[in-house]
Amino acid sequence: MSDGPLVLVLHGPNLNLLGTREPHIYGVITLAEIDATLRQIGANSRPPVRVETFQSNHEGVLIDAVHTTGAGACGIIVNPGGLTHYSVALRDALAAVGRPVVEVHLSNIHAREEFRHRSVIAPIAVGQIVGLGAHGYRLALRYLIDRHAGGADDTP
Amino acid sequence: MSDGPLVLVLHGPNLNLLGTREPHIYGVITLAEIDATLRQIGANSRPPVRVETFQSNHEGVLIDAVHTTGAGACGIIVNPGGLTHYSVALRDALAAVGRPVVEVHLSNIHAREEFRHRSVIAPIAVGQIVGLGAHGYRLALRYLIDRHAGGADDTP
Amino acid sequence: MSDGPLVLVLHGPNLNLLGTREPHIYGVITLAEIDATLRQIGANSRPPVRVETFQSNHEGVLIDAVHTTGAGACGIIVNPGGLTHYSVALRDALAAVGRPVVEVHLSNIHAREEFRHRSVIAPIAVGQIVGLGAHGYRLALRYLIDRHAGGADDTP
Amino acid sequence: MSDGPLVLVLHGPNLNLLGTREPHIYGVITLAEIDATLRQIGANSRPPVRVETFQSNHEGVLIDAVHTTGAGACGIIVNPGGLTHYSVALRDALAAVGRPVVEVHLSNIHAREEFRHRSVIAPIAVGQIVGLGAHGYRLALRYLIDRHAGGADDTP
Amino acid sequence: MSDGPLVLVLHGPNLNLLGTREPHIYGVITLAEIDATLRQIGANSRPPVRVETFQSNHEGVLIDAVHTTGAGACGIIVNPGGLTHYSVALRDALAAVGRPVVEVHLSNIHAREEFRHRSVIAPIAVGQIVGLGAHGYRLALRYLIDRHAGGADDTP
Amino acid sequence: MSDGPLVLVLHGPNLNLLGTREPHIYGVITLAEIDATLRQIGANSRPPVRVETFQSNHEGVLIDAVHTTGAGACGIIVNPGGLTHYSVALRDALAAVGRPVVEVHLSNIHAREEFRHRSVIAPIAVGQIVGLGAHGYRLALRYLIDRHAGGADDTP
Amino acid sequence: MSDGPLVLVLHGPNLNLLGTREPHIYGVITLAEIDATLRQIGANSRPPVRVETFQSNHEGVLIDAVHTTGAGACGIIVNPGGLTHYSVALRDALAAVGRPVVEVHLSNIHAREEFRHRSVIAPIAVGQIVGLGAHGYRLALRYLIDRHAGGADDTP
Amino acid sequence: MSDGPLVLVLHGPNLNLLGTREPHIYGVITLAEIDATLRQIGANSRPPVRVETFQSNHEGVLIDAVHTTGAGACGIIVNPGGLTHYSVALRDALAAVGRPVVEVHLSNIHAREEFRHRSVIAPIAVGQIVGLGAHGYRLALRYLIDRHAGGADDTP
Amino acid sequence: MSDGPLVLVLHGPNLNLLGTREPHIYGVITLAEIDATLRQIGANSRPPVRVETFQSNHEGVLIDAVHTTGAGACGIIVNPGGLTHYSVALRDALAAVGRPVVEVHLSNIHAREEFRHRSVIAPIAVGQIVGLGAHGYRLALRYLIDRHAGGADDTP
Amino acid sequence: MSDGPLVLVLHGPNLNLLGTREPHIYGVITLAEIDATLRQIGANSRPPVRVETFQSNHEGVLIDAVHTTGAGACGIIVNPGGLTHYSVALRDALAAVGRPVVEVHLSNIHAREEFRHRSVIAPIAVGQIVGLGAHGYRLALRYLIDRHAGGADDTP
Amino acid sequence: MSDGPLVLVLHGPNLNLLGTREPHIYGVITLAEIDATLRQIGANSRPPVRVETFQSNHEGVLIDAVHTTGAGACGIIVNPGGLTHYSVALRDALAAVGRPVVEVHLSNIHAREEFRHRSVIAPIAVGQIVGLGAHGYRLALRYLIDRHAGGADDTP
Amino acid sequence: MSDGPLVLVLHGPNLNLLGTREPHIYGVITLAEIDATLRQIGANSRPPVRVETFQSNHEGVLIDAVHTTGAGACGIIVNPGGLTHYSVALRDALAAVGRPVVEVHLSNIHAREEFRHRSVIAPIAVGQIVGLGAHGYRLALRYLIDRHAGGADDTP
């Protein structure tokens, strides 16, 4: 919690398996690689932005992280995994800390099963990026960095 | 239609009003400014990418543009405006030409009226970016350029 | 587009057939007769109000008219015809120009097929008049003239 | 029940509070003022039309009024208030006496809560005017007077 | 518009791509070939039947064609493409001119996505032929010719 | 099961009453007349096609017929009557024998009661013809004959 | 409230109009005639059964009658009119007094508008008779008399 | 099929078990006893009415009976058992022969499982009697006899 | 209407039967006993609070009471009985007078029939207490007294 | 019907095709092989259990079998095939005889079309085994044998 | 776990933030303050009641607490937070230990988003208090203490 | 993780209470007894199969177990308890490791509350056994052992 702005990146259930399971849906890149890239992007920003990444299969642990780390961040990137579709508790946590949230999904949830089309998180997020693979995380981070720097001021 | 890859950017009904109407929802940037930025990003890419932008309030004109220009593009960015929620005809046009489509919405459609939560376009797009203002277009363009360059190969 | 307030009257798809087709539903008066009456009412008002009428079977053309003419009007009367039930694009156009809109239907849409009961336009209109035949247009015009003259101040 | 045609104006539950409660929704004009205006319009018609106005918070009392007074009227204006959305009994009463009914709502029910969008009265009415404030009553009365005089013959 | 009966064949959005796109869904025959066959069938009938074919990606242009050409035809064949599922405006146009309509779909819309199962056109058509490829058009034409010749009199 | 291809024509419950009951819905032609016409068309084809017709009011008997006769046919025409809307068992029988099925309805089921709009058979059929009266059977037979002869190769 | 068993007959809103309004739906017999017949049937029973009949357009008055008279009856016949479809309060009153209830409707509510198919009263009634006109009342009364006499003991 | 009017009584699936199974739902009287009573009532009528009773667990057999016997009856009483909720084929058979139908259920289907509340038969019946046990059959028969005798003329 | 704050307690339809009917659902305490307890609690408060209690089976009478007495109260306790689920008119009355409302139900409406789960009153109430029997009234009164005294200031 | 307990195994429509049709869904084992295995398992039990197997494509025949044979069995295994989703008549038959029922499906109905997810039989069965192929029958038989022997006493 | 009755108070996800976040929804009082008040109320009761309070953002931890502590309590107060709307697992835990449960919500969930109107917990609770802020907890505690002391015996 | 195949048995929330709570729903056998029986069955198989059993009330802990142990198993038996109806996260975990899953429920979920009828797990399982009490686990285990041994090859 030292100097410099912070972006919290939260990965929900099963994302630890990334790159090892169901590559036809989620791609071959691993979560460690994604996280490394995101930290690198943060470090290269001027001024630099700390990027803290975190994965858990436990809804409660994710909520705790939102409370403790998210509350002090200038933005939160969240891929809620399967929790996307029912975790009102995670939604409430994100809404409570009042930081800008970008929701990311690797696959196009609108092209999958009907029950994946609805996100209980989306209405309290600033925005959502779906279907662009690991790019989604990077684009979300760039957006939050720009926004923090004041470059997102075309958004009302 | 000279040498070099092309990205087609389609703006649907009412987006010509951007920057002049309802700034609390859509921001103050104009469509001309967005288009100029996108063309600049394309020009600065290595190799450069041509970015052709087009706005119409006519569903049929947009479909024609998909057929004539979209079919030869390496990617299509589309903000279907109000057509998002019912134009199966535009969806079929985009699906028919078989190019990667990224759907963009300036506002967070999931935080607005219930009827805006469903997109008939999304299931045939590669992905969707919502709620990030004019950033959404830029992020979508970066994704398509990377993808064309082979940098999006983590996506299945 | 000279001096004096303007009311724009928009007739949607198939209303050009008025008086010639399905008189058991829509009556025998023609669109030209309706338009003439409306212009006359406007001319007889003190001060006079210009009434511009316009019919198209093209959603996009109607949207263009809202942008170009509607934006400068003191009120818009719209009978969206079949577009009533799905054209979010027309709704967005009307909402964007921010002028008071009165939606008119010749027949009682609540006494016809189930799918005609819902209007996507109504929520962004000031009000709606249905089932009163060509009277509906005249009553809507009187309301808009009164409102412009300040006589509608009982409405919050 | 003397000479001259009669229009019955029925105000449902809570409309007695008009002008004193929730002016941001219903305006500042009182029910007595509305009724006086309507009677005046009737008196000024040629030939004059008697306008009988009646308010009750009791569904049964309104039904009784439809049976006793409405059955002899040349038209009925009804603002059913909250009964709009469930009173099949009031609907059946209005349908039974077989007089032309115009339903009026001061506010735009389509722009309020979801449950207010459906009227069980509307399908048996000639038409409906919503959202035009106290003007709605006056426009409905003019329509019924014209219709009685034979001037509404463009309606099938 | 000389002597002899006329059948109007309307092809909706994207059907211009027939034979060149998504052959696994729509087959390899082109629209020009279909139209030529239909005109030939008409010419070979005794007495001959003029067959006028028309394709547009614009809802409004299709409606105009129904008004101008369809009104004088002895029958209309329409493949509304994606408009099938929402264009109440096209439905109203077809209903207004009052000519027998046969709706045709190349693919079996009941075996595709859920939203393609419902046609807003079908309830005002005489009948519907789906899933039989280009044959559907030919069978529809034979039906309309027989019907015009009085051979369809087993239909009530 | 001698030489030559076979088309099985199945008529479901109540079709034995054809021509004698509810002619305003189903026409005046009898089932025997329809069957005779179909057999004639088959006999006149080159090479000839045997047409076996069968009617039953019993779901189980129809399923048996699909198993014993339908399995050896080059195509099946089925008018499932009231079973259309619920008989998953008949659907499964038709799907199991794997022959091309054309579903026929004399009346336009989309213009009748809501519950008649959905067919549980249609998704496993090649196609469907509705509303064209007894013509529907003939057109379906022509399609199956052409398809067997290889003339339906524009269909994917 | 003298000696002998009592059957209470409740007629809901608008039934006072019986025989004078909408005879194509409700028949030409008047409520007074129905009531007289029912009292006669009761008087002719051995032992005689008092039949008390009551009509009101007021939900609250009907509930009061259930409390005061219905509680002491050996059975209640109720035609709730339009209240059938929403009056949980009347349902609760009938359930609270715990007497056998037979619900009667003159017309076949299942053959009318969709919203008339559901009765909130029926689940707490012993049974329901619909569509048999004034016969329905008589049959209900005979059932209740038999039941009270012990002759309905085949019903569990 | 000799002289005198005929009422056909149809009992659907499982009603052969009556009186032996689930008496807490269906009572202890057997089907034979019910049928005997109904025949007796018919014989005692002046003039006498033949009552033919029939039970089958087979939908197709019931439909055949409607065609062969029902078509010549002056009325049909049907307890469709479980078929009530899905057999459009039985409905169509009953509608096709055009005789007055009274639907009977021993138990109150509105007080049982949700799926039993809807009858596909009811909309084409004259009326329905539910929940009155074996009384229901007797009351239905009395109604049909009266109706045939002209005594049901209060019903429109 | 003398000095001191007032709490209005409204009991809806059938609550007059309390303690005498269906004790397995509603308990054995009578309404008079509940009312006496509530008045006692009010009298014992410092400063004392007048508690006015009122029961009616008539929706309209309850609405009148809200207008005349409720408008001057510092809080309203309402148990709307069966009206809970449909009386938009009562809801509108309560909303119009703008006093804090606590809705009370003796039984747990969420553990009863599906249609009892939804209250049209609840959204305009401050809060709701269900399932705690007569305690619910007492707790609601204590809350309103505390709130009036300023002791409820932890509530936003 | 000699000595020893009996288990009835009922196979519904189309299961006679097992092993010969659609092996990718239903496997390659034939119904005769399944039946033989089940009889063998019964014979090998101590004490032995008679296993009677029966297949029909006729709903009515299956119901008859439930009545005649099922009523005397110690358990019934039923694979209702397509009837699973609508045959309330078969459900009622199984419920009426009151023997423990185990429903078996070869394929996983929850992974197939939406309409196959609901079974009208399941709520009156003891349990259900789906997706385990022919194993499902064997496991169901072992359960019923254990249950009859008293070994299933952990189940309430 | 010494002598004396125990009430367990469970606070679900995000309630640890109480008083620090979104005070316009949840008020300014902290969870520690609420808990202290509840313990004080318990201590002041005669005989005293131990009040154990517990908060967790983890569904599983809450379920564990129900099993270990709740099973020995004389009552449980639960504010399930966001879990209210989906946690069948928490519901099952509460139902399994069989202690009286009172569900509390600080805000009026019926006046918030649609998805918050349904509680999966409520049907297995004794009752529910919503919208009364921190008062809700205190009132729930008083109820449970009274109930344990036998003072809640008016509730069935 | 030594030699020999492994079957993982996962018990979800509240199953630790088995045999001690709600025996009328879940039976009297304890989880320890079930687990011991399953391990015994595994040990007695030839070749022996290791059976690892695991219970948790924490969704996240169950997901972790699927990742760490389930991924190396030849099959997984899961009784997800209350998570059955909403845990997309657990579903995704089971799908990701790609091992055959059999879902088990002790009670017949189709005979309980409506919300228990849908399982989000079932579509990705091989099959499901419900309602057979502790037998369900044993039958599932036998299936998985047979399948691993190649004896389940009749399943496609």
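Every chain is named by a letter (A, B, C, D, E, F, G, H, I, J, K and L) in the order it is written, and numbering of its residues begins at 1.
In this section, contacts are C-beta pairs under 8 Å (C-beta built on N, C-alpha and C of every residue); 3 or more make two chains touch, one makes a residue touch a chain.
Note that the coordinates shown come from a computational prediction; the quantities given were computed from them, not determined experimentally.
Engineer: Fewest touch steps from chain A to chain L?
Structural biologist: Each step joins two touching chains, and the minimum needed here is 1.
Engineer: Could the interface between the copies chain K and chain L be described as same, meaning over half of its residue numbers are common to both, or is it different?
Structural biologist: On the two sides of the chain L and chain K interface, the residue numbers are mostly different, under half being shared.
Engineer: Could you work out which pair in I-K, E-F or K-L copies the interface of A-L, where over half of the contact pairs coincide by residue number?
Structural biologist: Matching more than half of the contact pairs of A-L: K-L.
Engineer: Roughly how far is chain B from chain G, going centre to centre by Cα mean, in whole Å?
Structural biologist: Roughly 64 Å separates the two chain centres.
Engineer: Please work out the Cα centroid separation of chain H and chain K, and write it as a whole number of Å.
Structural biologist: Centre-to-centre distance between chain H and chain K: 55 Å.
Engineer: Report the inter-centroid distance (CA atoms only) between chain B and chain C in whole Å.
Structural biologist: That pair's centroid distance is 33 Å.
Engineer: Mind pulling the chain B residues that touch 2 or more other chains?
Structural biologist: As it turns out, chain B has residues touching two or more other chains at 58-61, 86.
Engineer: Write out all the pairs of touching chains, ordered by chain label.
Structural biologist: A-B, A-K, A-L, B-C, B-E, C-D, C-E, D-G, D-I, E-F, F-H, F-J, G-H, G-I, H-J, I-K, J-L, K-L
Engineer: Taking the complex as given, what residues does chain E use to touch chain F?
Structural biologist: Of all residues in chain E, those touching chain F are 23-29, 102, 106, 108, 110-111, 117-119, 122-136, 139, 142-143, 146-147, 152, 154-156.
Engineer: Sort out for me which residues of chain I touch chain G in the complex.
Structural biologist: Counting only chain I, the residues touching chain G are 12-14, 16-17, 21-22, 56-61, 81-86, 115-116.
Engineer: Quick check on the complex: what are the chain I residues that touch chain D?
Structural biologist: 58-61, 63-64, 67, 86-93, 95-98, 120
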